[in-house]
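Every chain is named by a letter (A, B, C and D) in the order it is written, and numbering of its residues begins at 1.
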Amino acid sequence: MPKSDIPSARTVLSVADETPTVRTLEFEDAALARAEPGQFAMVWVPGAGELPMSVMVSDIAGRAAFTVRTHGPSSRALYGVREGGIIGVRGPYGNSFDAKTDSALLVGGGTGLVPLMRLITRLPAGARIGLAMGSRTADEVLFEGRARALAEKREIRIEVATDDGSRGVAGTAVDAARLLLDSGRYAAAYTCGPEPMMAALVGEAAARGVPAQASVERVMKCGVGICGSCCMDDRLVCCDGTVFGGDYLASSADFGRAWRSKSGAAVPF
Amino acid sequence: MPKSDIPSARTVLSVADETPTVRTLEFEDAALARAEPGQFAMVWVPGAGELPMSVMVSDIAGRAAFTVRTHGPSSRALYGVREGGIIGVRGPYGNSFDAKTDSALLVGGGTGLVPLMRLITRLPAGARIGLAMGSRTADEVLFEGRARALAEKREIRIEVATDDGSRGVAGTAVDAARLLLDSGRYAAAYTCGPEPMMAALVGEAAARGVPAQASVERVMKCGVGICGSCCMDDRLVCCDGTVFGGDYLASSADFGRAWRSKSGAAVPF
Amino acid sequence: MAASLEARVGPLALPSPAMLASGILGISTRVFGRLLDAGAGAVVTKSLSVEAWEGYANPTVIGAPGGGWLNAVGLSNPGAAEFARMLRAEPAVPAIVSLVGSEPGDFARMVAEFGGCNVIAYELNLSCPHVARVGLEVGDDISLVESIVRATRAASGVPVMAKVGLGTANYLDTVGAAAAGGADAITAINTVRAMAIDAEAARPTLSNAFGGLSGAPIKPVALRCVYEIASRHDIPVIGCGGVSTWEDAVEFVLAGACAVQVGSALAGGNMGVFGEINAGILRYMERKGHKSVQEMVGLAKK
Amino acid sequence: MAASLEARVGPLALPSPAMLASGILGISTRVFGRLLDAGAGAVVTKSLSVEAWEGYANPTVIGAPGGGWLNAVGLSNPGAAEFARMLRAEPAVPAIVSLVGSEPGDFARMVAEFGGCNVIAYELNLSCPHVARVGLEVGDDISLVESIVRATRAASGVPVMAKVGLGTANYLDTVGAAAAGGADAITAINTVRAMAIDAEAARPTLSNAFGGLSGAPIKPVALRCVYEIASRHDIPVIGCGGVSTWEDAVEFVLAGACAVQVGSALAGGNMGVFGEINAGILRYMERKGHKSVQEMVGLAKK
């Protein structure tokens, strides 16, 4: 096992509120700074558990970040870490999005947008970018400015959806994505977010002949392919994923249908 | 601990008789092939113990060798290994002779000549070489031709001593060395062999203002500086040595006087 | 006759001596299929209990500073009945079912759940070092071991293996009790009780504080246990602990193991390890002139 | 007040918590001087017996495949009387003398040899895992432990430490017996019984077949033992096993150790390790605002 599998203490260097429930915590970590989009880290909050987290981009060289929504006990604790606080990180783990395309449609729900931000930094210089983003309310819209900044000189078109219709389309990111998909201007689709949303998107993309890739979430204990908690069909989301291609996902018995609880029992979505 | 500390199986590829009691066994080993003169390996003969052995040169790239005199149980077993037989080696260990000189006097007794052969290959292209070699009888004279061959185009003068006077000077290698030392043509002396002989040589060299280096033998169990069996004064022959400078040796309470038995008790020479 | 990889574990014949260890990728019958395709001689399931268990909170698995892994997963499993349902749906996947419990009745009851499943053997986990009232606490209770093995043996139509580890009792006594209870084979060893502390956080890293050490660091200890068991008891032994190369597998066999289990070496998605081990053992057998795995068992003790 | 490296082991005050472990460079009093100069808080001698012992034949020390070392030196030592003679010649070198024997009388007799020597404590080796009738065989015999510690304590005017390891009994019972016998501190742990087999030679590599595993691989196990002892017994603990960096030392202290011992990390002539550990601990103390080593002891258990 490489050194990177041992939780290493990292001091949180800055904390930024993204929305009323979402914060970004930055820290120095050479390996995570170089993470590929779709890769994740296991993030330990001493005394409050360890969670898989997508590696968020930072504008400062040598830094990486996590963007976390406060929810249950561990995410709440991570959200509550202040500047100067210590977290333990191991990783990066998993595979990543294949960014080779000249026009990319990115479809993200909530903190599922995190790997898509890193993906923007990896898309080719001349690529055309479409971004469909879903959130619960207008307040919770995430990374809109950040996406534009990361796109730099590239064309980027953003469509927003909110569950309550308080901004943009009323619905999920898929509803926003449909507007962009129907333009026929995107050769590849990339998605991360709630699994039913991703399953719908993969279906919509396939119907239009657009190859899709989705970054999948599961319960992750080891992150390295030994515990089995993250299994989806005969795959391990932590090593075979988190990113899977639309063809496989379309044939999957589990994707969009069931995940495994901490005990390993199958649970329908 | 690096991988090189685990005995690695090596197949003996050739066995050559050097004298009626001394043989050279060659094998492939990239690390030992690059050993410096004075470095040694721990050589395991499965079922018959493990001994420290100077790393002998081979004429074939990527190969190293051991030149062993049959004597007690372990050396007899090593001597008895045939072509195709398996030995285990770990190392190389220890420091090495400093070969930077334009004229070197090499003084070796018996298999103490082994590191001096490798030293010849490391002496500068234009160096003048003197070699004083001691053995019990004319039959037992070792490496005479080998030394000339390794010297290649460099000037080499060889003086032989035998204990019984059957060839060359009657006496030890020191008696042969004196002839060369007195020529005043050698700026540095290098020695390996029985310790009383080396102690005498270091004294003779010092008397003539010639800096000397000696490769010392001790009981070696670990070879890596943890067991302490090889101690000489406050030094560890396996890591601080095997090669020590004449100034230190002249001030040593142990050199030429006492070694440690397997139990660690001091034993006078 | 060419060299054959077939391994015999008591009455059981396996296509290769390298099997999957319990608790490693052990909850998905679909993953089992992939591992068997990759060359695993058999797969052992996650240890199953009567009820479903969530296990401990994360961190549950972390790298150990001297290599290998520390885990305190806490025996999370969906329970024997639920797992049997999954297994029943995959009749083509033969499984060795690992069971964990506190008393003979637990084990007998669980065996009864597996009717209609392709179970080729049971492995009794008497050695998990980080969960109370089961595992090592049971293995350290010599008289309980014998009765548990006896009860499982009576309930089961297939071979029963007892998995031992290093606890507070002499594990060789545990082996003796398991043999007396009718065990068909012994698996040795489980992870070794251990822990990590984070200096910056000034607290244990695993949420359970104590966990089990696995992987390369424990191999020399596991090898010693296999050698000792094979020297003192006349029962087939399956070596487990740090096997990651064919050399490791061969060393365990030479020490007295009739087969080995591979766990931590799977880390990083390394399912190809089974193919490499199988190929390496075959090359070794051909080089050394061995025709069967069986004839190599215990050669280092001769 | 600046942070101080001083460590207290029961009644003993040491300039640094990092001492040399027994059996490491432990037979030369001149080497001890060098190690103390390098920053060792104390040096423990090789374990000494009543008679001189040659130990086992080579191979006695080899690298372990998963890191660390395997050794079966076999307690070679010149005998207590001869060693006392060497020590007497170096009054400026304070030493912790390690003793090994089979019965109380052995230990009392050896202590009597050290009149006129600068002995600051005795450490009783109840835990060497590869020599018959001494070491671990003694440590596993709970009643013998208590009487040995009591006899040594009665004979000695300086503190007595009992060194325990993982054997066939519950080592926590050994600790309890040592405490009952009057031990001033516990050293935990010794090497872990283990072995290596060479596939090509098809035989154990160590001449004694069985040896002890030391170094990084056993650190998580040693740390667990220190934590367990400190949780269950009210006696100073010295942590030993895989300490090679200041982080390791701090982790042991946080787990409950008042000091640590360094063995395998000396490999390769790495005597500078003591200076590095000392400097690292000091930096850590300053960063965390700790004034004394004592105040960090057991913080991970809070």
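Assume a contact is a pair of C-beta atoms (placed from the backbone, for glycine too) under 8 Å apart; a residue touches a chain by one contact, two chains touch by 3 or more.
Everything numeric here is computed off the predicted structure, so don't read it as measured data.
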Shared chain contacts [chain A and chain B, defined touch]: none
Mean-CA-position distance for chain C and chain B (Å): 50
Could you give the separation in Å between the centres of chain C and chain D, each centre being the mean of its C-alpha atoms? 33
Which integer distance in Å separates the CA centroid of chain A from that of chain C? 36
Sequence positions of chain D contacting 2 or more other chains: 64-65, 67-68, 196, 198-199, 203, 215
When you draw the chains as points and link the ones that touch, which shape shows up: line, ring, star, complete, or other? line
Pairwise chain contacts, counting only pairs that touch as defined: A-C, B-D, C-D
Touching chain D in the complex, chain B uses residues 1-7, 9, 42, 44, 46-47, 49-51, 74, 86, 88, 90, 221-229, 231, 233-234, 236, 239-240, 260-266
Give the list of chain C residues in touch with chain A in this complex. 23-28, 30-31, 33-34, 46, 52-55, 57-65, 67-69, 71, 73, 76-79, 82-83, 86, 196, 198-201, 203, 205, 207, 215, 263-264, 266-270
Can you list the residues on chain D that touch chain C in the complex? 64-68, 70, 166, 168-172, 192-199, 202-204, 209-210, 213, 215-221, 223-224, 227, 242, 247-248, 250-251, 254-255, 284, 288, 299-300
